[in-house]
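The next part holds the structures, each set out as structure tokens.
In the two complexes that follow, subunit A is the common piece, with subunit B as its partner first and subunit C second.
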Partner chain A sequence: MLAPAVVATLLLFGGALAGAVEQSFTPPLGGGLESWTLDSWREVLGDPTFVDAFWFSLRTTVAATFLSACLALLIATLMRRHSAGMRTAVAFPVPVPHLIVAVVAVLWLAPGGLADRVLGSLPLNLVRDQAGLGVVLVYLFKETPFLVLLLLAVMGRRLQEQEEMAAVHGIGRWGRLRWVIWPAVRAPLLIGSMIVAAFVFSAFEVPLAVGPNYPPSLGTYALEVTKANAIDGAGQAAAALLLGAVASIVFALAILGLFRARREPSER
Partner chain B sequence: MIVGPSGAGKTTLLRAISGLQVLDQGRIFVGGKRIDQLPAHKRNCAVVFQEPRLLAHLDLLDNVGIGLLARGVPRKERRLRAAALIEEVGLGAFAGGGVKGLSGGEQQRTALARALCAEPQLLLLDEPLSAVDPNRRSSLMELILKLQSDRQVTTISVTHDRAEASEMGQRIALMIEGHVLQSAEPEALFERPETERAARFFGMNVIRGEVGGGRLRLVDSEIPVSGPDGDAVFAIRPESVDLSSGGGLEMTVVESVYLGSYVRLRLRAGQTEIESHVRPREAPTSGATVRVSLPESRLWRIPER
Partner chain C sequence: MRGNSATRTTLAAGLALVFVLPFIALVLQAFADSWTAPALLPQEFGLRGFRDGFAGGGAGAALVRSLQVALIVTVLSLVIAWPAARVIGERRLRHPGPVILLLAVPALISPFAIGTGLTGWFVRLGLTDSVGGLILGHLVFSLPYAILVLSTGFGSRLRHSEEMAASMGLGSFRRLLMVSIPEIRPTLAVAVLLSFLVSWSQYGSSLAISGGSPTLPVVLLPFVGSDAEVAAALSVLFLAPAIVALALAGRAGHFR
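Now for the complex of A and B:
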């Protein structure tokens, strides 16, 4: 039953990954894998811009993922008894492309933008700021509704009934969050957060439009080395993105490990 | 015990008492203390719902001991007290495991143990037997009655099943469309209903007629009754409708349904239609004409309102 999904995943993502691996080991002037080289990897790992890009991406990813997860949990908890219309309104940003949100953010939040004209001057510089606040904000706007949708899917009538059961057995609001709601939502929240983190870590449109000129994100670094170095830029970009992919996998495994270790004793 | 048809407001009443339903008006007192302004978790009213509502991520002991969690009882003690209750409800063999493999009846026993473990001042049972296999209902009912009696915990139970209400309740309140129509001991409700609706709910035949000179004129016969002359409404249980002694009322059997221990007959004469329960070997066939007697001692005249 799973075969079609596995085959599609292997062909699409496995194929892309295999292509990137091949590219990263291919000599700049061609020659195929018979004369493979580690030059691209050495270039990338020795490049201080890559290190800065890696840490910038990691920082914005952790901030955007953590904040959107917290916000999503709060919104979903408050929204779960609202009408389907309200839920749809909350989900509105999900189908809007990231690039459009980033462009709108620039139009509104950049110095001299619409917000500046309406409010005077903004207290914070959100576009092109060194800390990547604008990048985090755009991802919050985009990813929080996605996580809210995942959470609302498990916050149905059954969860409400279990909450009622806990309430009539003396469990207060926080106790219900701890013993009833959290065990039900943590798996979808975790999986959703992993998807968000993996996407944010290597995406390039939002940092390109809203992020600082330096440091770049991992995605914009890969784009820039490709544009700047026509001969071996593609190999370096592939190596940089592969390192990002490895970091994403390590990150996901760490979260999974933490998730398993924090389960209730009676769940084991 | 509160009994009534679906949609009567029984569950809403329990939800209001337990704090799960906000009151539009009125007040609720338990043991002399007003509780309707308290949130559900502070009312000390445990509820056994129609469905067990167990938490799948907790094992059986933690599920049962959840009420002690709020009181800050240490986990070891919680589990010890839960284990004792699990033993009491006959699930001792499952104490070390989870709740996923339990049958419907076992899950409902767990829910009962969970409610009692919380040591509530008031125990509310919302049709606790409705989701249980019919063959296991009686044993669960006995268990509920035993635990309730042993622990002397004040209990309000709701059901739509009048037989279950009679078996479980020392006192029954009949609720229809949000109002308590009559509250009395089971026998009074089954034999002497105060309204026509109550009579119908408890399965009685309702007969309208005119009384004159101590006799009820019904179709082309007269039946001796007590009470003043005039229009009257009488109720009689189907088991009391006598077909064996050759009464004066001639009726036709329009339906005959075999139900194991008895046969349910629907009898008609003119506009009057009544139900009779007779033993299978004495049951006439559908279409037969029978002579019916309605014993005066079994006829209950519903008080005028």
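Now for the complex of A and C:
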């Protein structure tokens, strides 16, 4: 019964990876894999723009993931006893495509935008800023509600009862957070963060809409080399995207490893 | 104590507003023919954004194409995901970890990378610039979500109901229609919406695959930063399914 899903995944996902690998080793002027070359990989790894793009993507990913996880924990703790209406309002950005959040960010945060008009002027430039603050802010706005939803799903009545029981036994607020709430929310928070990190690292519609012209993100770098270099751009883009894919998987494994390492001995 | 509770409620209401208010401004911008600084509200309302966005027919065709692709991807995802989700949900696998990892890993990889990798094959198969190519490209991302969500609806309770229906002489098709689907309806609703939204909001894979037949997000992005009103007008259309999704997911939650 697993066959249709496994075959579809192997054919499409496996085929895509194989296609990208083939493209990255194919000589620029064709000739097939029998005359394969490492030129695209050499070009990408020796390109300072790629190195800058990699660090830019890494920086924004770590900042967006860490900050949205912290904010989600705070917001979920605050929202859990509130009405379904308020929770739905906080969850509103979850089904909204990233591109629309980027459009909203430009509307509010661009020079002369709504935030400027309401506050007089913004102290920082947040659209096309070199540090990528606007990119991080868009991901915070989009990903925090996603993590809040995951956390609220485990912060139900049972957890409240456990907290009340702990309070009856004289455990203070920090003790309850450490011994009751954290063990319950750790798994969804880390798994959610893994999905966020993998997505943010390689996504590119948000950096394309609000990110700086330089450095590009990994995704925008791949798009730019394809557009700028008609002959060997596709091979370089494939090599850059494959490196990004490997980094996304390393992120996911690192977060899973963190989750396993932090499990209490009794849970193993 | 009461003051503390009031502060928390005010804070929660403020947060809720922070997540909704920016989208209200987007809708206002979509219908604003003139909205220049320092005005906090549009000076003139109109439909220029929609008119200019749809001028030339590109956005209209892209909207239809996006809708067509997302609907077909949703149906295909559910049909392919159903049996796998049943096996996972009923815990019939001895080692589920590797299977779930294999089925879920596409969700962790850049859509642009997947689209770029598929393009070479699609050129050979004559699927570039086609709805068929887009459907296959989007299926990579919507299938993992359909499987993971649907698997939460299967379990011993549903199996017992199906066995009871079988013992009463119901054939497999009637069992599906009269027992399985009604019982799994809330989960199915979420899986349908998620599959649809994943395909509907695909940008990276569509950009790589679609070529001369772009989808709505591919048409929309160039307007961001160049024409705020057109970008907002197309965004409102792009946003509509998300709002329907949220409303229906809320309703589906009430069925539980």
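Some points to look at:
Following the convention adopted for this analysis, the second predicted complex is superposed on the first by the 254 of 268 C-alpha atoms of A that agree within 3 Å, B and C clash if a C-alpha of one lies under 4 Å from a C-alpha of the other, contacts with A are read in each partner's own complex, and residues count from 1 in each chain.
Simple rule for what comes next: a contact is a pair of C-beta atoms (placed from the backbone, for glycine too) under 8 Å apart; a residue touches a chain by one contact, two chains touch by 3 or more.
All values reported here derive from a predicted model rather than from experimental measurement.
When the shared chain is aligned, subunit C comes close enough to touch A:M1, but subunit B does not. In the overlay built on the shared chain, the residue A:I75 is in contact with subunit C alone; subunit B does not reach it. When the shared chain is aligned, subunit B comes close enough to touch A:G172, but subunit C does not. Contacts of A:L190 after superposition: neither subunit B nor subunit C is touched. Contacts of A:E161 after superposition: subunit B is touched, whereas subunit C is not reached.
Once the two complexes are overlaid on the shared chain, A:F92 sits against subunit C while remaining clear of subunit B. Between subunit B and subunit C, it is C that contacts the larger number of residues in subunit A. In the superposed model, A:V180 makes contact with subunit B only, not with subunit C. Taken together, the two complexes place no residue of subunit A in contact with both subunit B and subunit C. Residue ranges of subunit C in contact with subunit A, taken from their complex: 8-9, 11-13, 15-17, 19-20, 22-23, 25-26, 29, 37-40, 79-81, 83-84, 86-87, 93, 99, 102-103, 105-121, 136-137, 139-140, 143-144, 147, 193, 197, 200-201, 203-204, 207, 217, 220-221, 224-225, 228, 231-232, 235, 238-239, 242, 245-246, 249-250.
Against subunit A, in their complex, subunit B makes its touches with residues 18-20, 39-47, 49, 51, 53, 55, 57-59, 61-62, 66-67, 69-71, 98, 114-115, 118, 124. Contact residues on subunit A toward subunit B in their complex (touch as defined above): 161-162, 164-173, 175, 179-180, 183-184, 264, 266-267. Touching subunit C in their complex are the following residues of subunit A: 1-2, 4-6, 8-10, 12-13, 15-23, 75, 78-79, 81-82, 84-86, 88-100, 102-104, 106-108, 110, 112, 114, 116-118, 141, 145, 194-195, 198-199, 201-205, 208-209, 218-219, 222-223, 234, 237-238, 241-242, 244-245, 248-249, 252.
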